[in-house]
Structure formats: C-alpha cells, structure tokens
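Each structure below appears as structure tokens.
First chain A sits with chain B, and in the next complex the same chain sits with chain C.
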Partner chain A sequence: MKWFIIFFSLINLSVCIYEDQIGKFDWRQTYVGRIKFAQFDTVSTAKKIIVATEENVLAALHLKTGEVVWRHVFENASPGNIHLLHVGEKITTVTGDNPMNQSPTLSATGVLMWEWTLMLQDDSRADFSEWWVQNGMLVHMLPVFNSHLEVTMYNVMSGSNRGATSKLPAIWNNEGQVICICVLTAPYYTCVSGEFGSQILVSMDVTANAIQMISKPLSNIIEGAVGNLRALDGNSVIPGFIVDDKKIVLIKENDFNVLNVKVEDTLASASIADGARGPLVLQIWTNYAKGYQLIAHTLSGQLIPEIHSPDSFLDIPEPELLAVTCARDQLACRLLINAADDAVHLVQQGGVTLWSREESLANIKSVEFVDLPVSDADAALESEFDQKEGSVWWSFVRRLQSQYQQLSAAVERLRSGEVLDRGSASLHRDYFNLHRIMVLVTEAGKIFGMDNLSGSLVWRLYLPTLSGARTILLRRAARHPHTAMITIVGTHTDTGNGYIVTLDPITGRMVPEHTVTLDVGIMQCMTLQETGDDQLRALIVLDEDEAVQVYPPSAASLVHNVHMYVADQDTGRVRGYAIRYNGREAVAERTWSMSLGGSGPARIVAMSSRSRLERVRSPGRALADRSVLYKYSNPNMLLFVVEKPDPTHKEVVTAVVVDAVSGAVVGASSHRRARALPLAVHADNCFAYLYRSDKHRRVEIATMELYEGKDRWSPAGEPFSSSASWRTPVVERQAYILPALPSAAAFTITERSLTDRHVLLGLSSGGVVEVPWSLVEARRGAAGEESVLPYLPELPLTADRVLSYNLTLHRLAALHTAPAGLESTSLMLATGLDLFYTRVAPSRTFDLLKDDFDYYLITIVLAALVLATYGTKYLASRKTLKMAWK
Partner chain B sequence: MSQVKSNKKFKWALDFNPKNKSQTSEILSPPGYSQSTSVSNAESSKDTDSNLLLIKKLWDVALGPLKQVPMNLFIMYMAGNSISIFPIMMVGMLIVRPVKALFSTQGTFKMVEGTQAAGQKFVYIIGNIVNILLALYKCQSMGLLPTHSSDWLAFEEPILKAEHIGGGFSML
Partner chain C sequence: MEHTLNCKTEKYCPRGSISLRSIRTGTAVIEQVNFNKKHISELKDLADLDGFYTIRTLVTTSDSKEVEFLSSVKAKYFLGSGLSDVINAWVLPNGEVMAVTFQVTNTSNGNVLEATDAEYEINSKFYVNHVDQAPVPDTATYIQKMEREREAKEKGDLKDNRPFYAKYWMYIVPILIFVMISGAANPEPASQPSR
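Right after this comes the complex of A and B.
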C-alpha cells in the first residue's frame, strides 16, 4: 500500500521533457578551461587542435569553428594535473602528481588506447619534474639543484623503463630565487650559472648518450644581463629561449645562436615555426595604442612583411602563443593565442580572427539575473498611467496618443517585414519576463552579459585589476526612465583593498561615478532596501576597521533597522552588527558574536541565507484536521553548517540556525561521524544541507523546518521583528539517504512562492536532478497526516527528474535560480566546466498553455462550430417553412 | 366573508315571496324544528367546519417541513460524507428547498386568517430553519463549510520584514 502511494505520487511529480523538447527551453555550452598546452593535429584527416588545460581537461577543438570535438575530463585536483601533451600519431599525456603519475595515450579520435602508471621514488622535488617525448620515449627529468640531473626514459607504448635512471652531473643547475634562471627547451636544459656579472650560460642535451655541454658567458649575449630566461612559446620547432626579454637565443648544432631579431615588447611571446621559406620567428604582443600586433622574421633577422597584423584594435590582453602552424607552400600562418583573460583565439596572419573561445566561463564566481528594460511602447503605456494629475479629457487624449504610437509601431514592423519575435535580437522585456540578461563574473576578472534564451554573449568586459569578485548586487531594476545598474564588489589585485565596479547590465558599460577603489579592505557589503530619489539602492560597505561607508554618501540617512553579519570560515566565529545613522554618518555597532564550534576549533563548511528574490506569500500550511500549522517565517535566519573534530566521534557536523539580528540560535541539529559537504540551502522556513556519513559510508541530506504552531504569534499584518520575538519555534528534523554525490544545490524560486518548492541538486555524475520538497521535507512521516508522504530513508532519484536529460555536465560547481514572471516557472543556470540553462516548473506550467498546444486545431474547430451553427440555423428555418406548407 | 354575507342576503330575499310565505306558514314545521335557529345554526356550523378544515390543512402545510426532518435525516445518512455528485446534489436540494420555501411563506399562507395564522407561520418557518440547519450540519460534516482557520489561510497577510540583513563570509 505504502509503495502504491509513493508510486502514484511520483507519477504526479514527474516533470521530464519529451525528446522533441530538447533544446527548446535549455542550452548547454561546453568549455575546457584556461589552456595550458596546445598542438595542431596535422596527422589525422580531420583538422583539430588538441588542448590540455589547467582544469585538467584534454580536448580536441575543431580547427574551423573552435567547437569541442571530444573532451576528457580528468580528476579535479592534483591527481588530474596535466604535465605533458604530446601530439604525434597518437596523443600522449602525463597526468597526476607524485607519487602516482599516469600516462594515458589516446588516438586522434579521443579513444583511450592504453594507460600505464609510473611511480617516482623521490617526491620531495617532484614539483620540478619535466616531461617530454622524444623518439618514442617518454623522458622524465628531475633536476637536483647544485648537484645533478636525474633522467629516466620510458617506452611510451609499454611504460617499460630503459634501465637505470641516469644521473648527469650538473653542479651548475640551481634554483633561481626571484627570476627563473633554468629552463628546459627539450631536449636541452639551460641554466644561468655563476656570480652576478660573470654569469655563464650553460646548456646540456640531457638525452644524448655522450654528455655535451654548451657554455658561453652571458655578457657575450647581452651586456649587463640579469639572466632571466624564458623558453619560447608555441611548440617552437627549434629549441630556444629569450634572455632578459631582449634577445632570442636558439640552440642549434650544439651551440648558442643569438638571433639578430629585436624582441619588440617585454611581454612579447615568440616562437619559431616552419614556413615556406624555412623557419620563421613569430612575435606577438599587445600595444596599448594599436592593440594586438604580429611580426615575423627569418632566422637571419630579415623582416617578412607578408606576415603581419594590421592595427586592428583587436583586444587580446597579454597574448601568449600556444601553437603555430604555417603553410608549406605560401606565407600564411595560423596562431592559437591565449590571453590573460583566459580567452583563446585562433588568428590568421592578416589579423582575421577565425574563432574565439571565452574559456574564463569555465570558472564563474557569481551570477545575477537582470530584468530587461521594458520596450518603448510599454514604457509609454506605463508613463501614461503614472500621471495622476489631469482631467478625464487629458487622459483620453493620452490614451489616443499611445494607441496611435502602438499602431504606428505595428505598421512599421509589418512594413519592415520583421517577424514579431521574442528572440535575442531585441533586448526588451517579454510578456512573461522570461528573457533576462545574466551577468556572469568570472575568476579571471572578466565580466559577461549573457542572453539567457540563446546563451549568446551580449557584452564582455575585462577588468584585469578585479579579483575575488565575490559579491554581485543589483542596485536598480530597469525602471523607466532609469537604466539598470549592477555593482560588483571585489578586491583590487594590486592592493588587496576594496574595488567596487558599477555597470549597466544591459550594455556592459561601466558607470564611472559609481566605480570606486577603496583604500581599505572590505569585510562585507549589502544594499539598502529603501531607494533614494533616483531609484538607486545605496551600497553599505563594512570595511576591515568595522567602519561603515555608504555609497552614495547622501543615502546614509536612509539607514535604519539594518543589520549585518560577518562569518569567518576557518575559525567558525560569526559577528553581528547593527548599522545605525547617528545624524551625521552611519556607524556599525557590534551587537552579538558567537563561536559556532563552542570552545574548540571549528570550520564553517557552508552557509545559507534567504534569497533576496524570495517573497513568501503563505504564512502556514493546512493540516489534515483542517487547522493551520503556522510557519516560523523569520526572514533573518541563517543556516551554518559547521564541521569540528570530536574526540570520540572523529568528526561532528552541526547545523545551526541563527537569527542574524539578535544572534539567537533558533534551531540546531548534529550528526556524528560525518563530514559536511559545502552545500546548504535555505528558503522560507526550510533548511537543507548535505553531509557524508562516515559511519554508513553514504551521502545524506538532512532537512529542518521551523514552525510556530497552530496559532500565529504575531497579529496579521504586523511586520516580523527578530528583536521582538522571544518564543522559540518547533524544529522538525529529518534525514534521507541520497544515492548520489551532489556538488551543487539550490532551491527553485518563484515569483510569489506559491508553487511547490524543489531542491535542485547538481550531481558529480553530471546531471541536475530536481527533488520535490515533499520528498525531503522534515515533516514526512508525521503521524496522522494525509498530506505528507510516509517516511522512507532512501530518496529515489528517478531518471525522469533529471533536468539535464542525457547531458553530462562536468564539474558542476553551482546552481543559480531566479524567478520568472510566471508564477509556475523558475530559471536555472548551472555553472561549472559547462554552462547549462533551463526553465524549471516545479508544479508544471499551470499558468501557461503547453508548448505543443495546437492553436491551429482549436482555431479550425471554433471556425467550424460557428459555420455549423449558422448552417444549421438556415437549414432549420427551411425545414419549418416546408413543414408549414404541408 | 363577503360571500357569506351575500348568501345571507339571498336567503333573506327568498322570504319576500308572499305566496311562498303563506304556503310555508301553512305547513307546520316538523317537531323540534325551528326555522330561525336552524338557519342560523346550520350557517354557523358550516362556517366552523370549513374553517376547521382550512386550519387543519394549513397546519398540515405548516408542519410539513418538520415532518420532512426524519426523511431528510435518512437521506443524509444514506448519502454519506464523501464528496461526489449525488451527495452534493442531495445536499444542494436539502438546502435549496427550505430556503425556497422560506421565501414563498407569504404565498403559502395567503388565505390564512385567524388566531392560528401567526402560530402556523412560526411553525412553518421553524420547520424550514430546522431543515436548513440539518443541511448545514451535513455540509459541515462533509467539510464544505469554511469554518476552519485553514480555509482562510489564503487571505492571511504575508509576513513583512521589520529589519533588513546582509552579510556573509568575511571578504578579507
């Protein structure tokens, strides 16, 4: 019986999509991360670029389009680090850090052919390991500074060692203190040795059977050189390096060969490529005035004017050559360029960009969904009803005017033949407010505006000095006639102090008057609820000296009843501040402070507060006996998940619900022998967090719900105040076994929170699953309740509740939700290595016709009915006439 | 009343015929028969008879709703408490009929006059009210009446904020 109930409840809840709906409301973009190594695959017929990235991804990019042809995602942390990429007949990589290095070899189609593991004996200096492939042998070189080099060779195919590790005496090799003085340009290992002023450049072919040393005084190359060596980029065909960012030195025929080519810029990236007229020296750099520049020389120093780039103002910050390929029969080159903003460009020698990939999107820090401005016609309509003064006649005239405007706009649209589409072409709010701009702030400091319907980038802005942008705040919605404004609060790279950037999220233009570089560090920040005259929410910044700064300063008088809290992740300390306006300025006063771990050490693994977008409409829930169980909907609650060591239970996970205004602990629960996952969600009176139970070796999701009881504490209509409430709510707790490992979690948010609430879980297996709250709610299994399901410890994750259907989203990092204009719908963006956007309808789209609704059929049926009515009317009248004549 | 009066007039007019008068006066009345008394007596007895009948009839009408109560109770018992089309229809009938009857009280008791009219009306109204209460009880037991707090949940004010909070992990 129990099973039947569950079975039928699941039928109701299933919200899977049909095959023809794939891609209708959702899109997926695949990224690989910042590229570390790249090589053109010239061997196989399908032209590709094989790349290995800092995100431990090995991928093949299509040469023409830049799309990912295939992709292998290795382990996340150090076990997946890629040290080597060698593309020959097959692709060989070395991944992982000591003591387990793996060397998988893949065919050009991305199929793993074999993989072998090698163990290094000495892992203390393993960070300095160098790997390369030479003549079918994998060479591993480990420099022991001021002593020798250890070189080991392995057969790439089998992994068998050639014998003993050879130790090459090299007293000259040393660890540079500030500057890099030893470089490997396979197979040569080069160092600057000796005292400053009398330095010698020493190089050695480490794979040669007989030890051959090349040495030359550094002063022969450059007078007064510091001795900073930098290897040539872009898989240079001739081993070489750049000394002091000034001279290019090649190693040819066991000799240093100083090129007669001027290094154009200190940051210029240079490489040697095989061209039609022999080897070419290519240099790229970015000039502040002229943008991206390319120059090519022959080895003898002669300029090749055919290969150049015009002053295109192509903006590639700090370009670095990843790979170069030049045609054999003509002077044409293609360059794969990595930029400081993690973008990768394939550029032709004429300055033509074949394609660009914004790889910084693989590392998104924060996301904000921004409403689009209303269209001109709607704005006119709004302003028409805004004007309160004026007589009936004036409003009638205004009505006529706006209708004339609408009519002329419609005629204009018809004349231009433009189909009325809600696509990305027009950045105006649509009827259901489903069309948004997503502002994405990435780790690299690049900010993007992305269209949520198509996934196309509307604007991009690179702020090299912005780092650690953790907070993103919407300061103003697009209300006519004001433009929207969004503020990103981060730290300045150079000083570590606060850096506040304000943008127009629709166009991506910076608002200079609201962009501030502070001279102190920011501890926390928030926006005021009240808006000033210009509809702009003021920004309150609590700096490291616990002083308050308000932007704009004139809004300080609006500060009242504002509280802030600051949590320290590593010590488990939380402090609460009351921000007050004392007549001159806003001041912060510390109101409470607590240590979540008690006396011992503790670490806050996850924290969650109520989403700014959430509006709770219902104050309680109806029970089976038709009484109301009132929710404890304190809007100031915070959920902290704390992990602390315990002498008897190894590790204890404690979840604490704290009132941020008063600092009172509202509810708590703890789990012994468990480790917390950094996932916690909170909405209304519901809390959920995840932990790994060491005792049972499984992942569990624990939920808490807070209730006031059967009577409402505060009279209806009175605003909730934490400082006035003295009663503690009833805490319901429950835990469920989750048959998966989640890496991201979020609640769906809808406009008025009337729709069911679902927990979205991003799984490490690459799916986004929605779990109805009714399956995990803390009251599940309550006795005598008809509306709640009976308690079952196992949580079923059925395939029809996977939002990402058969797509595998690698390394899901976070899920971001926002309410749509439709009550039934919530918008969801999953970030990680991939971006996945879709619409979620937790109670199905009850306020919208199904997308396969047959408009033609219903029109035809209606028309046929009308026709039939008139037809039968005529026939009936004729019949009565005939009857009368009889 | 007017009819009764005209009847009397008519009888009185018959007495004006002199021939008949002489004839009738010649024939003696049977013993124990008094014309004057008999006429008045017969008239009065006839009048009280029809009045009694009317009153009886009207009492029937007035007591009708009360007599329906056991039947209604039986129907209610048979209908059960489940919410489906037939019980709903029955409950609807149970409510609608007495309400209709209440509104047409004036029409039903149009002819009633006399000392008992007020009592009859009162009993009739009481009977209907009892029926309505029965139907409401049925609605209540079926859960159709919004008498619980959960029925008014949708109209309760949402919770507003008095304080505003912000913050998070230390950005330092």
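Right after this comes the complex of A and C.
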C-alpha cells in the first residue's frame, strides 16, 4: 500500500512538460509596475527595498540585485489602490478607495499578519485624505477646505479608534486653483494663505496634543513668490518642502527653517537623509547636456564634494528620489530613483548603478516579432541565387567563389580560436528561425528590443511624447541587403495628433526620414501589400479629415484596390473606405457604413481581423461520405462583438462578421442576457469570442465557422474577390462553457498553417491554457461525422494543457503569437504584469527530433553495422578460399 | 434609397423605396426608378474609372428615427450583371436595422449593356436577414444522453443473468476440445501390470 502511494505520487509529478524542460524553451520576468512609494528595509537582516506601485503591487526588491523577493498583487483599479506604505518592524499599507479602506500589515517576509477595515463616513472629499503612521498609530487626515482638518487616529495593531475624530480649526487651508498650495509633510500640514502679495505660510502639527501654529509671511522666504509648495521626496527624515521650485524650507523645532541651499533645477528632486556628518540635503536632476546630476549639501549650506555624480554617466529622464539611505560611518549614499520612463535605478553616490529595473514593461501596448537578418555567409549564398542572368559557367564560377569564401571564413574562425557561436549573443538568424527580436512598445512611451530566447533587452529607446501606439512591420529583415524597418504609429501626447516613428528593430536606431509628426489625428492605418523598389511597404494613413497620406509619398501610385474600415467603439458605427490613386494623389471614398447596434446606443467590445501572418492550408475538409465541405475563405473578414442594452433582456451581445471590402454582413448571432468580454479571435474561417452569461452566471465561448457548402463557388485557384461575391455562406455555430475566467485569447500561428490550430487562453488565475480547435469547433457533435468529437458542453481545461505549468502570471493582459521557421512551432509571448515567453507545438514537434534523442546509440549502431559488414566480408572471403583449397 | 447616379447638384438623389410589410416574413414592396440613357452612360464612365456605384439607404423606423446606411458596388460589376442586385437588410432581434447592403448578382455572364433602349429596369431582390439567437451550451441533452447511457448500462447488467455455462461456453468449449485432442494424441502409457 505504501509503495502504491509513492508510485502514484511520482506519476502526479510528470504531468504537463517534463520537469527538466522547465526553463528550456520558456522564461518569465516579473515586474511590479511604476513605483509609487519605496522604503529601504533596514530593520530585518535580509536587506530589501519595499515598494508599492501604481499597479497596486506591494513587493520587496533585493537590495543587491533588484530581483523581486516577494510580491503581493492587490485588486485591480480602485479597490487595490495603495495610499500608504510604512516600513517599520512591520510593513503597513492602506489600500482601497473610500469608503472602504483596508489596512493590511505584513511581516518583513511578506506574510500577512492582520488586516482590518476602515469605514469612512464622508467620502465626498476623500480624494484629499492623507495617511501616515506615527508612534504606532495610523493617522488619517481629511482637510475640509476653508474650515477645519479632521484627524482620526487608529491603532495599527488592532484598528481601534482612539475615540472621536478631532476637528482642528484651520480656516487657512484652501484648495489651490492651478498650483498646489497645501502640502502635508507629516506630521505638519502647511498651506499658503491670503491674498497674492501678502501671502502667509501657515503650518500646524496635526498630531500634537496642543494646537500649535507656525506662520510666516511668504515674502520673508522668497520675494514675489507665487506660493507653489512641493514636499520633499524620498522619505525625508526632516519634514520640509520646496517653495516655488527655488527654496527648501524645513520645519524644525516648530519653526520654518529656510535652507541656504540653492535648488539647482526647477525639476530637481530633493531629500534630507541622515549621513555621517548629520543630515544631508541631496538633490538630483537631469541636465540637458550633462545628464543625471547629484549634489549634496549640509544643512548649513556647505557643499559636500564627496557625494556627487560624474557627468553624463546615466540618462535618467525626470529623475525623482524614491528613497535614500546613507551609511552612518562614511560618506556613502544609495539612492533609489524613479524616472519618467517608469524605470527605477539604484544608484550609489560615486556614480555606480547597482541595478535598474524597466518597470514600463509591466504595461505593454504592442508587440511585434521581427526576423533577424541572415548572416553574411547566408546573405552571400542568397545573392548568388538571386542573379538571374549569366550562363551555366558563370553560375559555376560564382559557386566556386562563394565556396572559397566560406572555406576561408571557416579557416579564419578556426585560427582565431572563436567557437561557432549560434547562441543569443550573435544577432543572426538561426536555421529554424526561432531566434527573433521582439519589439515591445510600452504605455510610458519606451520602446524595447528584446531577445526572445533569453529575454534580455537588446536596445531601448524612450520617446516621451509617444502614447497609444501600435506597431506595423514595414520591411522584414529577409530582404537582403536592406535592413528591417518597423513603424510605430501612435499619438503625440501634447497634441493628440498622429505621430509616426520608424526604427530599425535590430539596433533600435530611429530612421529620421520616416519619422513624422502629423498635424491631424489618425483614424486608421495599414501597409500596402506591394513593395516599392527598396522592398519597403508603404504606410497608408487615413486621418480624421478622411484624407489619405502615404509614406513614403512616392509610393502613392502603388495604391489601388485598397480598402479600410473605421469602427467607432462607443457608438457601434462602422464605416468602410476605398482608397484609390487618381493620378495625383491617393484619395479615400466612403463606400459603406453600418450601425452594428441599430439606432440605439451600442458599444463594440471586441474586434478581430485576420493576422497578417495567417495562411490558409486547405480549401475544405473531408466529410465521412467522401464529399468535401468547402470553407468560405474570405481574407477580408472582421469579427465585431457588440454589447447593447436591451429593455427586456438587460444586455444583448451580438457578434457580427463583416466583409471589410464590400461591407456585407457575412454572419451574425446574438446572445441574450450576456456581457461581452473583450476577447475575440479570428483565423481562416474560424471565429471565437467569449462572453459572460448573466443568466447562467458563467463564462462561455462561442465559435463560428463559415462554409461555402459541398460545392465550390469559384473554380480552384481563382483568388477570392469580395466585391464580386454575393452569396452568403453557411454559418455553423456552437457554444461551450468555460470553467475559468479568461483575460486574454489568441490563436496559434504557424508558418504554413499545416499544424493544428489551438486557441490560447490566458486565465485570470494566472495560467495560459491551450485549447485545441477540435474541442471548440462549431461542427463538433455533427451527426454522422467521425472526424469531429462528440459534443460536450463544458470544455475540459486539463492541467497538462497549461503552458505556464505552475507559474502564476499576474494580470495577464494579452497573448501574442508568431510563427517560427519550423512548421510545428509557434512562438508565444504573454504580457501583463509579468512577461512569459514559450514555444507552442500544437501538433507536437513532428519535424524535430526529440530532446532526448540518443545520438550516441545511433552512431554506435551504425559504426557497429559497418564494422560487422567488413568483418563478415573478410570472414566470407577466407571461407571461400578454404573451400577452394578443399 | 438614394444613389449617386445622374444627380445634378446633390450627391445623392432618390432611386426608389422599399416598404417592409412585416419583419417576420420579410415581404416588401420595392419601387424603383428606371435607368435611362444618362444613367447608363454615367455608370459606364464610373466603370471605366473602376469606380463605385454608391447607394445610400435611409431607414425610417416606427418611431420615425432615421438611420443612414451606405453601401457600394463596383460599377463595372453592376453593369455586367445587367443591373441586377441583391439587397440584404440585417435586422437585430429587437427589430432595429443593423445594416443594408447591396451586392451584385451573377457577375459572370459579362454582357455589358449597350445603351440602346430608352429605359432599363433595375432587377432587385430584397431579403431580410434576422440576427438569430446563438446556441447556448447544450447541457440538457448532454445530461439526458448521459442518463440514457447509464440506464442502458444498468439494463445491460440486469439482462445478463444467464447461467454460468450459457455465458462462457465459448471459452469453455475450446479448452475442452484442446484437452481432448491433447489427451488423444499422446495417450497415457498403460500402467505396468503388477508383478
């Protein structure tokens, strides 16, 4: 019995991939998001930095490496908002928006110790409430402008209130119109009060038993001040603030103390830290010419030359001090710096960056897999076959030449002792084209080039004015001798107009001649199928004035038979445009329009078009009676999932398949009492979308497949034309229950689409599951069919189908797939708070030898066979000789 | 229903009207203008440019709300089909019109109209398509099927209460035969007579 238990527990271990395969084809990177609060954990023995982020994550970062030691992901959006982070012996946070605030306390190892709920009565001014911890009490302060301050104190351990809320009279506190004039530097609350010109700086210790006010005319501090107050950053040890970005004012011994330290830059971030020679005033800023700068003074205004930074060793846009710690015995400080590009750096005063984290990768907007360029030797081979002219002799000579080149290159490599490096270090295409550069565009406007095999960043580029971007590949690296080019189409943050950036995805260098700032907003954009002489596909942009712009403009003559659609997400109206070249310029003509929600209000929740990389493998599928069911292979189809309020059924979800060229509705179906999820996928003739059924309180996946029927509409080989077809296909539909809540969906894509197609679902529980299309296909359960599975209403999500095995990927936002050079394999990147990359082989790796393929055995067997052949030959000849002698 | 042909100043001018009697049955009355020579020549000009013949439909609902729909066909194909088109109206379950689309039928015959006659009739077919209810995960029949299978199994168990020999005779008989044959092939040597 005991042995049986051990035996079965062994079996349980080996579901999913084998244990030794973990990390072989996949990697995961954990991120926390843009950091809001940070504090050095100096109490516990393991040195950490505790951070709270705008993604509602509380995490501990390793002081030496910057890796995430532990991480708690709170709820999304407002219930998980972190308002306070206090690190003492324990970590105290206040999360959630009013009127429900949670105050969990965690131990230094990240274990939740207790949690209690605060209920605030008045949530109308809750935006202004402030929290801090003082002497084991959690203080909540709520300013009521022009009247008083409400201060409530709670015991951090128990959550019990110290009695009633105290109301401190403070008619001087007011809400600034444009500038911030009230600031909390715990425990002091400071405001600028009075008319312009005769302003008084008023401050008050909010937690003191006796009310003590400090006041001083603002003109004593700075002449002609506007009165803009900014608190010191980085958990300053002495409460203080900066007036008008010019003077640092500290509150010491109940008095304002104006420091004799010049604020070096209007955007400089300053903090006071305890150092070896008493408190230090640290300032950091970025100089346009010199880069990141650090300067330190004593409180008396004396410059400390030991603490500085060398010129231009780091480029940190708009640095902000998050936390500072200085050594007690020597002049050495460590600064945790937040930048405008969401990166966080731990910098030592000498100018050494201990580590940097690119936290903008927690918010990826768009992903593109780019092929690497072929190596020089392969390129030479390619160019050899490219040449069409010349006789047989010439090509023979060329062959010999290139062979000589290869040989000399190999000899050279051997001589220099360099090993043939096919690893991630060389950015050249590998044999199966599995090695790519992933171009990641983040919400912060930072663009990364990432190696897909190792997950390391190859290049990074920060464009502060870029937002809402989407990537378009203009030229693949395959087009030797040109370099690849990728275009990022986004909006300019300042104007909201179009902003087109073109880069080389391998090196990350901008291509200035293809980088344009438009003076109108962009409605839709696409690339042409035809390429110009330079192998560049032109970018067509439809702007908000319904005018067409073609980049580069010389490619305008290539525009013909181009159709675009524009969908308005909030009204459900979809318009189609035909774009033509009329001899002078490309013009757009509105050809069709429809309103997917009828006359009433409607919202397009999800939309899916066919992937650019998608191919159709076969025109139909064989049935049991030896006939063929032909697929409706229209490459121009779009799937819209529309949610619409309905008087009788609450919400109605309608899925509409539209031909983008002619505007014809190809198929449609509706679901009553359902809420749409923003997930829809489309490939070939298959459509799938997800919705939540309010009636049954569950998530369902609906699939559609379009078929022409048993007869072909057009002869084989004839290209499909949307404008010439008028017949509507047969729509097969089916729905299944999904026993999970998905947050992302994608189809696997392979090079020739010969392999099975799987639906990848990212679940809110943190797993990526692959569901074979045969499990969700619309014809499942068709009567008398042997090739389809019998109908099962609930989809089984078995553990061996989880691609992310036991990893939990928090807040999965999207799945991106790309075909590899191997037909069996599809590359997948899951984005969200974490990045997870793996390979998917929907039909197993039929074109690859197994990992554990025994090369030695087969070599030994072959060698033994050869030996045996020669041995028996020798023996046989001896035997015949002997026979002859007899 | 308006189109872009032979309009003097405005972009669109009336082509005809469709009045739908009943959404359920889809019966409708179509009234359309006939095309004259001017229409045809303009259509031909469009076809030469590979242009679009655009039709604008204004749908008036019962509560007199107007919704505009656009649809286009290639003028070339419209001429080629002999001015015959298919009008598809898609109606949502609550009776609102989602789309009105025009498509050209049968483009293959290819006989381009010669502007000889004075007037041409437009050949339109009108269909009302309903956005129908999608299937829901069919748990009921699945449970029924499971139940039937279970019942079948139970029935099978009940039926099979034949006696032991009746059930397993097919295994017993070959063994018996084998034993008999082997017994016949090498008969036991006769026991030695006792002395």
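Things to note:
In this text, the second predicted complex is superposed on the first by the 843 of 886 C-alpha atoms of A that agree within 3 Å, B and C clash if a C-alpha of one lies under 4 Å from a C-alpha of the other, contacts with A are read in each partner's own complex, and residues count from 1 in each chain.
The definition used in the following text is that contacts are C-beta pairs under 8 Å (C-beta built on N, C-alpha and C of every residue); 3 or more make two chains touch, one makes a residue touch a chain.
All values derive from a computational prediction rather than experimental measurement.
In the superposed pair of complexes, A:793 makes contact with chain C only, with no contact to chain B. After overlaying the two complexes on the shared chain, residue contacts for A:255 are found with neither chain B nor chain C. Of the two partner chains, chain C is the only one that A:737 touches; chain B does not reach it.
In the superposition on chain A, A:318 makes contact with neither chain B nor chain C.
In the superposed pair of complexes, A:600 makes contact with chain C only, with no contact to chain B. When the shared chain is aligned, no partner comes close enough to touch A:115: not chain B, not chain C. Once the two complexes are overlaid on the shared chain, A:654 sits against chain C while remaining clear of chain B.
Contacts of A:723 after superposition: both chain B and chain C are touched. Of the residues of chain A, those at positions 723-724 touch chain B in one of the two structures and chain C in the other. Of all residues in chain C, those touching chain A in their complex are 50, 52, 54, 61, 65, 67-74, 77, 86, 88, 90, 92-94, 96-101, 103-107, 129, 131-139, 142.
Against chain A, in their complex, chain B makes its touches with residues 143, 148-151, 153-154, 156-172. For chain A in complex with chain C, the residues that touch the partner chain are 575-576, 578, 580, 589-600, 644, 646, 652, 654-656, 658, 662-665, 668-672, 693, 696, 700, 702, 723-726, 728, 733-737, 791-794.
Of all the residues in chain A, the ones that touch chain B in their complex are 468, 470-471, 489, 491, 521-529, 540, 542, 544, 561-569, 604, 607, 609, 615-620, 622-623, 626-628, 633, 635-636, 660-661, 712, 714, 716-724.
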